[in-house]
Amino acid sequence: MAVIDAGGEGGAGHGARGDAPRPARPPGRRRRRRPGLVAQVLFLLVVAALAWAVVQTAAGNLDRLSVHSGYGFLWEKAPFELGESLIPYKAGDSYLRAFEVGVLNTLKVAFLGILLSTLLGLVVALGQLSPSVVLARVCRSYVEVARNVPLLLQLIFWHTVLTRALPPVRRALSPVEGVYLTNRGVFLPVPLDDPAYGAVAAAALAGALLAPAVWLACRRRARLGRRVAHPLRWTLAALLLPPLAAFLAAGAPLAVEAPQLRGFNFVGGLTVTPELLAMLLGLTIYTAAFNAEIIRAGILGVPRGQTEAAIALGLTRPRVMRLVVLPQALRIILPPITNSCLNLTKESSLAVAIGYPELVRVANVTLTQTGQAIECISIIMLVYLILSLITSALLNWMNARARLVAR
Amino acid sequence: MIRKAVAAGFAAAALACTIGSAQAEGTGKGDLLDAIKARGELHCGTLNYLPGVGFLDDKGQWSGFDVDFCKAAAAAILGDASKVRFTALTGAQMFPALQSGEIDILSRSVTDTISRETKLGLDFIGPNHLTGQGFMVHKSAGVTDVKGLDGATICVLAGTVTEGYLADWFRAHGMSFTPAAAENSDQMFSMYFDDRCDAVTMEPPYLAIRRSRSADPAAHVILKTLIAKSFEAPVILEGSPKLREVLQWMHWGMVTAEELGITSANAAQMKAGSKDPVVRRFLGVEGTIGQDMGVPNDWMLQVVEAVGNYGEMYDRNLGKDSKLGVPRGMNALWRDGGAMIAPGWQ
Amino acid sequence: MTTRLAHRLPPRLAVLVETPAVALVNLGVLALLVAALPPLLDWAVFSAVWRADDMRGCPPAGGACWAFIGDKARLIFFGLYPYGEQWRAALATALLVALVVVSLNPRCWSRRLALAWGLGLAVYSLLMWGGLLGLAPVESAYWGGLPLTVLLTVFGVFFGLILAVPVALARFSDLPVFKAAATLYVELVRGVPLISVLFMASVLLPIFLPDGFTPSGLGRVLAGIVLFFTAYMAEVLRGGLQAIPRGQYEASRSLGLSYPVMMARVVLPQAFQTILPALINLIIAALKGTSLVVIVAMLDLLGAAQAALADPDWIGFYVEDYVFVAAVYAIMCGSISWYGRRVERNLGSAQSR
């Protein structure tokens, strides 16, 4: 009996600890505790039995194929090349290395996609709320179209357009000296490595450390009643001036390595492959439509009285937006936008359809090469689960902070 | 109450255990040949997008070289070439489909390699299609040999053996390349024809098919050098020696039929009229070859009547009687200078 | 000056020139539109080719080749469903859509609706599968195009919703095992991308299930979609359950209703009404999500559109193809959300009365 009580109380206690408001809990569940126990034990047993049966069947099926289950294959040699990679990789490296390349490529496209889609989303949201009727209508139409066309279709469309509408390498478009647009990607010049860049980087780091200090100092002064006129400008200056000064002091070395057509391809410079470009275009255009809606709802969620009061105080419209509305809207926007970023990361898995070598594609190719289906698919799921857990932990942390600031 | 719960739990667990162990026993035992005969239908995995090899047209008809192999197998085992259920599979799906027993035969131009036979536990039949791995390049690039492709971007089909051979060969020759991997061959060739890559690598017959269908066939060169041999063959799981024997001898039988001059047109006539003991044994008039293998005695007659001999099957799908017109090459009979040869039917 | 102008104009036009800045922005955007529209219209309408037998009828530098869509429409809309029987797939799909449209309106929720579903599903299966009443049998492997997209969406949402009820109730329950199991399931599924679930369903399911129990390719993909969207629906439904005032439970208890009766008669109907907007969003998400089945070799609307591009008689009309399919998707999703807003508005006015 004691066991039953502990279980019942434990469950109730756990439920009561939730911080979200829980107005309703079906009463009358209390007295049904004992049938609950029977049901729970039965449920556990059935789940366990099912799991066991599934494992047995899978083992039997795999036995027929004498596939060596387990993750040992990760240390074998992967026979394929991958189109792009942030770390050195070539055919003959291990499958593990190939998976690392895939995860990094997922993170790369997710990071860039989140950045671009949030920016575009903000612009479109502000456009929708602008007093200009025409602009608002155009932004609205964009949102309606972009979010109602499946992302996969958009990705395939952009990839096809980029590889078929752009010219081949020998007839590359060059809108600006050193920049080439071809169906094999966009080739950009990169600054040549210079010893001064080390110093610039160090100065940038110093600036990055200095800026928060300046910001905090400004706020402390403000709290003591000695308000600084433009805290944001001071902070930006602290962030940007040191690296700029170091750069100028070194004589502003600006030699760039431009891509050059040598043999079959452009050599040197930075290459943005059509696959990455199509991914970024598709993810940005699709997710920005959702982000715009989130941001718009957030801005509209700030009570009108706030805006009216700020205007009555004599603030200009842009300053009202920047100083009064956006900071408050941020608190409403943050949770759904984090969710949207997480969705973008998960949806980057559609890259498998256009050949951008991210996690799912590497897993897919590995699966075909090794036949390790269960292992490869479990790796995909595990990596995304970890990413999701990290994101939701981040979200909780930010929520907690936002609430603290509100007090 | 607790006792009731525990009792019910044990009952449920016991039930699940019986089901589980029954299933564990049900799988992995017995020869697939018996299973196919009991079922009355052959389950065949193939592809649906490559005309001449495996293709499902918009009328719902399956055709192609790989499709015909399964039709032949159904004719041999069940005496009816129409008793096949085809499943179109992607590269990632094909081996798991075999593993799970969803299909009996995988006839999808799978390339035979030692690691696939040993590590994946597969049995390859045949080989029924011999090719190699070659390259097609844009004529304007002026490349005449594979060695001239250093630094090139090469289109390759993701997850295939060609991808591995390509990387191996370039590494062995100290050369570099940028891969442009495609999900399917339609995508790969449209990338190549749009100049997304300098060269495309695949088996030469398929390169020739695509070149012949391109806007300007003269603008593309298929390089002479082959960087790898390619044994394409139907596959079954290890552990069904009887099915393996039937399918292997069926393939050899189709080659033998061509040698003996037995075609879909004259097979019935030969059966009635031929006095050649080899032909009579082959068509099941004399002896018990078929019965001994566990299939109807006239199995080769059924096969030849359904899809023809090896030469007929090749010419109809890939060769001179098809739109593709790929020469027989290595797939000609041994006496014609090719590599298709079969053990004797003594 | 503009403000003076604004006074003299009718109010509809006056907003265009409210302030000088607004007038300037309006003018700028309009100018951009005027610059962009003529070439676009020229491509899509005036220079477009509407009738041609093959690609020779469409000049490479000309306008859109809608003749391609005309030639391929049956393939794009029906995939490999037998040509002569395609009316059946069309009729069945229309029936299914009609049932869904009616079901989305809470005013129609009644026992008659359940009956209509039962009857409708029977007719639907008969039309799609055939094999009875002189209809030729059509295997599910040949279903494709729009009927497949609609089927996956509707049944994905339908079964997802049914399964979401126990999961949501379990997450709401005091019993720790149920609560933990439901939470684990929902969080696991929501943490992974749909494509990985589809891979699992199409590649791994046959390995996990015993011989003879493996459903067809269509069944497996549908199982994956249901598994995926159940988690999202359970989460939405949980929100709906939380929004129900405590008084409703107390009133039900005092009337002596048992737990199942209370849930079925009092709580769930209200919860479903509250979540209707979120549900509409999920239906749209599911409709778009079904396009992923292309990756596991199924010919849904998007897959059939890609198959249409493979015809050697029509090379290179990918823009027309994708734009057409995108328009079909946008119209479908747009009308679902329009209908959802309408039902919501009607409901709102009914409740405030």
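Every chain is named by a letter (A, B and C) in the order it is written, and numbering of its residues begins at 1.
We adopt the following convention: a contact is a pair of C-beta atoms (placed from the backbone, for glycine too) under 8 Å apart; a residue touches a chain by one contact, two chains touch by 3 or more.
To keep track of the chains, here are their UniProt names: A = Amino acid ABC transporter membrane protein 1, PAAT family; B = General L-amino acid transport system substrate-binding protein; C = Amino acid ABC transporter membrane protein 2, PAAT family.
These figures come from a predicted structure and were not determined experimentally.
Set against the C-alpha centre of chain A, every other chain centre is closer than that of B. A comparison of the B-C and A-C interfaces places the larger number of contacting C-beta pairs at A-C.
Centres computed as Cα averages put chain A at a distance of 43 Å from chain B.
For this pair, chain B with chain C, the centres built from the Cα atoms lie 38 Å apart.
Annotation: 25 Å between the Cα-based centres of chain A and chain C.
For chain B, residues touching at least two other chains, in rising order: 23, 26-27, 92, 96, 99-101. Residue positions of chain C with contacts to 2 or more other chains are 199, 203-204, 206-207, 209-210. Contact of a single residue of chain A with at least two other chains is seen at positions 44, 57, 61-62, 164, 352-353, 364, 367, 373. On chain A, the positions that touch chain C within their shared complex are 7-8, 10-12, 14-15, 20-30, 32, 36, 39-40, 43-44, 47, 54, 57-58, 61-62, 130-135, 138, 144-145, 147-154, 156-157, 160-161, 164, 346-347, 349-350, 352-353, 360, 364, 367, 373-374, 377, 380-381, 384-385, 387-389. Only residues 15-16, 18-19, 22, 25-26, 29-30, 33, 172-179, 181, 188, 190-196, 199-200, 203-204, 206-210, 241-242, 244-246, 248-250, 253, 259, 262-263, 267, 284, 288-289, 291-292, 294-295, 302, 306, 316, 318-319, 322, 325-326, 329-330, 333-334, 337 of chain C touch chain A when the two sit together in their complex.
Within the complex formed with chain C, the residues of chain B that make contact are 23, 26-27, 48-49, 56, 58-60, 87-90, 92-93, 96-97, 99-102, 186, 213, 215.
Across the interface of their complex, chain A is touched by residues 1-2, 4-6, 8-10, 12-13, 15-17, 19-21, 23-24, 26-28, 91-92, 94-96, 98-101, 119-122, 141, 149-153, 158-160, 163-164, 166-168, 171, 177-183, 187, 190-191, 194-198, 237-239 of chain B.
Across the complex, chain C meets chain B through its residues 75, 80, 82-83, 141-142, 199, 202-204, 206-207, 209-211, 214, 217, 296-297, 307, 309-310, 312, 315.
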